[in-house]
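Dumping the structure here so I can ask a few things about it.
Read from first to last, the chains carry the letters A, B, C and D; within each, the first residue is number 1.
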């Protein structure tokens, strides 16, 4: 069967890895459509992303790579197909809206399973796109109680990633652990500057001349996970913090959408607290 | 006498300030070549920079503005002319080199009085441009003793600004106080991220996707003064911290040179811990 | 009545213009919230945009400015309020979608009266936002016949601007003349590079390392009107022209939305084939 | 002998090329320090740049690659060492100055053999760096006569590249042919916009909001060679063309220096009228 696959390898560096892998592809008569590697000298780790096409069975390719790669190597053979995602939001519409529009235009390589909001604010916008919206209010609930309800809703779906499209609540370590390496957040500052609440107010008070946004995987430490993408825009003394917030929205939404596209395309490796982005 | 002047006003906002000032210019039959104002709503402060040309005596214009502006207003009438600057450096040549080349090409609206280095490394480069280099080693000296020697050298010159072109020593509060609002520094990070030592190493360890540089006035708090200009460049996982440092040099030198040009052109107001840049 | 107004002045430069205008505001006890001027030395034209607030009647302020400004000066006193716009589209959804989302979030200082498409493709997207969509097919019509139908539809609405959000048909000189200075277009290249059809293919063939987009007013000459805003993104040899097109969409939509915001905020003067943007 | 080499391959795409090449490295027990490939689908060409280290003789590696690569493949095995360059200039110092400073700091992986100017203007600057300056005036000479003299001077040196650091004369097709793929130019516009004389004046007259610079290899067609690097800076209505020119200098010098660094690092393949930049 004519197939296409993305092979993602993440293992200890060793002489001959490129040779070993390319031999597998060569023996099976596969085309290498795209290939990128990287060796992190500091940690001695090897990363490789290859897109191959040809006649092969996924399972066979899997077996052959396992037989040839050094023991203990992590690798995945992924058939390109739409991933499933859940969006979580609060009240701001710009990041959500950008994803909805891309989704509706067929530009996003994902199916949005549902949107979960802790307020009703965005219900109408989501319903315009015929996507289920679940309002799970945190009102009068402890953080744990609220997350229990969110998790109950999440359990109704299968999904690959949770995208925090301006979800303004802090997640507990337990929640993050359960969905480890599956949560993507947009932080409204140029991390690591202005960690914490209201980064635009902090930026305004510091008198910076540039503001930014950071898309990252969420780990236990708030605003501290592996960064996927960042971008910036210039500001000046005429901007009060609300102006910065308004201008910041454009960079937030574009950075989140770019990071999401990279993740959906299987271009992002998590490596400790960093990412390798091919 | 046909003259040109920059008028810088910095006072409490009040109704009619633009009218008051423009009346002075109108009555004296002066041309307004350029005019920018800004009111900081938060602090109720008014800033204005006007370039006028025409037949006038500096002293008369000064008197008339004093007579018309609200009591207590700060203002300066400045004839555009080359300012005098002192450069302070350590071992890295890129920021210094960029200023020397601009100076030598007549692009810099300043006369470099001298370069002070705490190492001999850059003596040769400076001597190529026939500019005096003063090596003041900090070897075996306390911070205070070293600064005493620097100040002794500084006292031989008249100057408007001290430019820290990658001067890698921390200045004491006393030193900074003496040259208050006269010291411009280039910090090799996108402040307020990565304050302190080796920002590129910090940036590398954090796994950021963008690095930057910040030119600012130096105040008591290290890396905390009013920001004049910032810029950034993208990096990726292939950059180790030395690569970031190398790439960072280009943005450091361009940001410092841009900030310096703005200051020399009298376009920068210091307002608390911020700047107004017209 | 407590009012706010934007005063836009566009006249021949003369000594005392700032004084004259600020005297009017001063005499009426108005606050200047924001003020920017520019003199184009080449053409001797003066441009001023002032935002004032205070107690005044629009008509009085109008009269007083007319009485004081040099004869023949153009000026407008505009009360800030939502402008009315018509969108014209073809098949691509990104620029339209961005405007619809901003509109739906209340971020756009405009009411969208209708969307006119020469294909049905975007009808569904527009209907999601409860905005009327008029499909006016050009099938089997001459350019003139098609435009007649478009104009008939346009005549049902009052509007301030027509926004070509990836409307892929060329407009006749007659059409453009009728809606002179009212049509805003997004061109999918960094004008004046790659004028004409399929700029991304042209860019790909030329091997550029940066692509861009240009928002401009439409005048008789195709792709030649006054530029309002431009932006760019880097590309490399891995981009084929379809990749450039895909990446280009993000910059197209952000440039158009930014230009539109500037126009809606009355910040853009048309000056010959250029713009002054305050 | 412990060695390091850059292998550059440029051939028709075929199945197994990565395998073939990596087998050579594996059999010789070489480390792959860095590896990038690209297949141009349109032309069916394969490009690969690999940095290997280990114990090997250059000639052996050469022979083995020749034995294994498809017949007719172009490839080079390059030992990293300083290349030799000649600079050509006219009157402007910024691009030259940036290269001289980098050279003097040991940042440039090249030895400057000489600077050739068609005016004496930059002689003093060059002499500050103890580099020979050859003034070859074009006064009263035909273009061909002048180039004869330039070539006579060039013939005294061995060099890898000629860098036109704001050399403001047009080169004949004959001259360009002789130094084919060896001449790097900085064009002071965002090509292909504003080809020809005084691009800043053209940019000013068109009213663009962004200006740029383009570094490219020089081919027969003026301003039409393969682009290596481009960058831009924003401008606005306050810039006259001289201001654009002044601001443009910063982007010109940084783009040229970046392109030069890429070329010196053997990262640039010329492919028809385009470049592949690894």
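Here, a contact is a pair of C-beta atoms (placed from the backbone, for glycine too) under 8 Å apart; a residue touches a chain by one contact, two chains touch by 3 or more.
Since the model is a prediction, treat every value here as computed from it, not as a measurement.
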Using the contact definition given at the top, which chains are in touch with both chain A and chain B? C, D
Just grab the chain with the largest centre-to-centre distance to chain A, centres being mean Cα coordinates. B
Same or different for chain B and chain D, when you check if over half of the residue numbers at their contact belong to both copies? same
Between chain C and chain D, how many degrees of rotation does a Cα superposition need? Round to steps of 5. 180
Once you find the CA centre of chain C and the CA centre of chain D, what distance in Å lies between them? 41
Would you kindly tell me how far, in whole Å, the mean C-alpha position of chain C lies from that of chain B? 38
Which positions in chain C touch two or more other chains at once? none
Residue ranges of chain C touching chain D (in the complex, touch as defined): 38, 40-42, 190-194, 206-210, 212, 226-232, 236-238, 240, 271, 273-277
Under the definition above, what is the set of chain A residues touching chain C in their complex? 93-94, 97-98, 100-102, 104-105, 107, 125, 128-129, 246, 249-250, 254, 257-258
Counting only contacts in the complex, chain B reaches chain C at residues 15-16, 18-19, 22-23, 25-26, 29-33, 35-37, 39
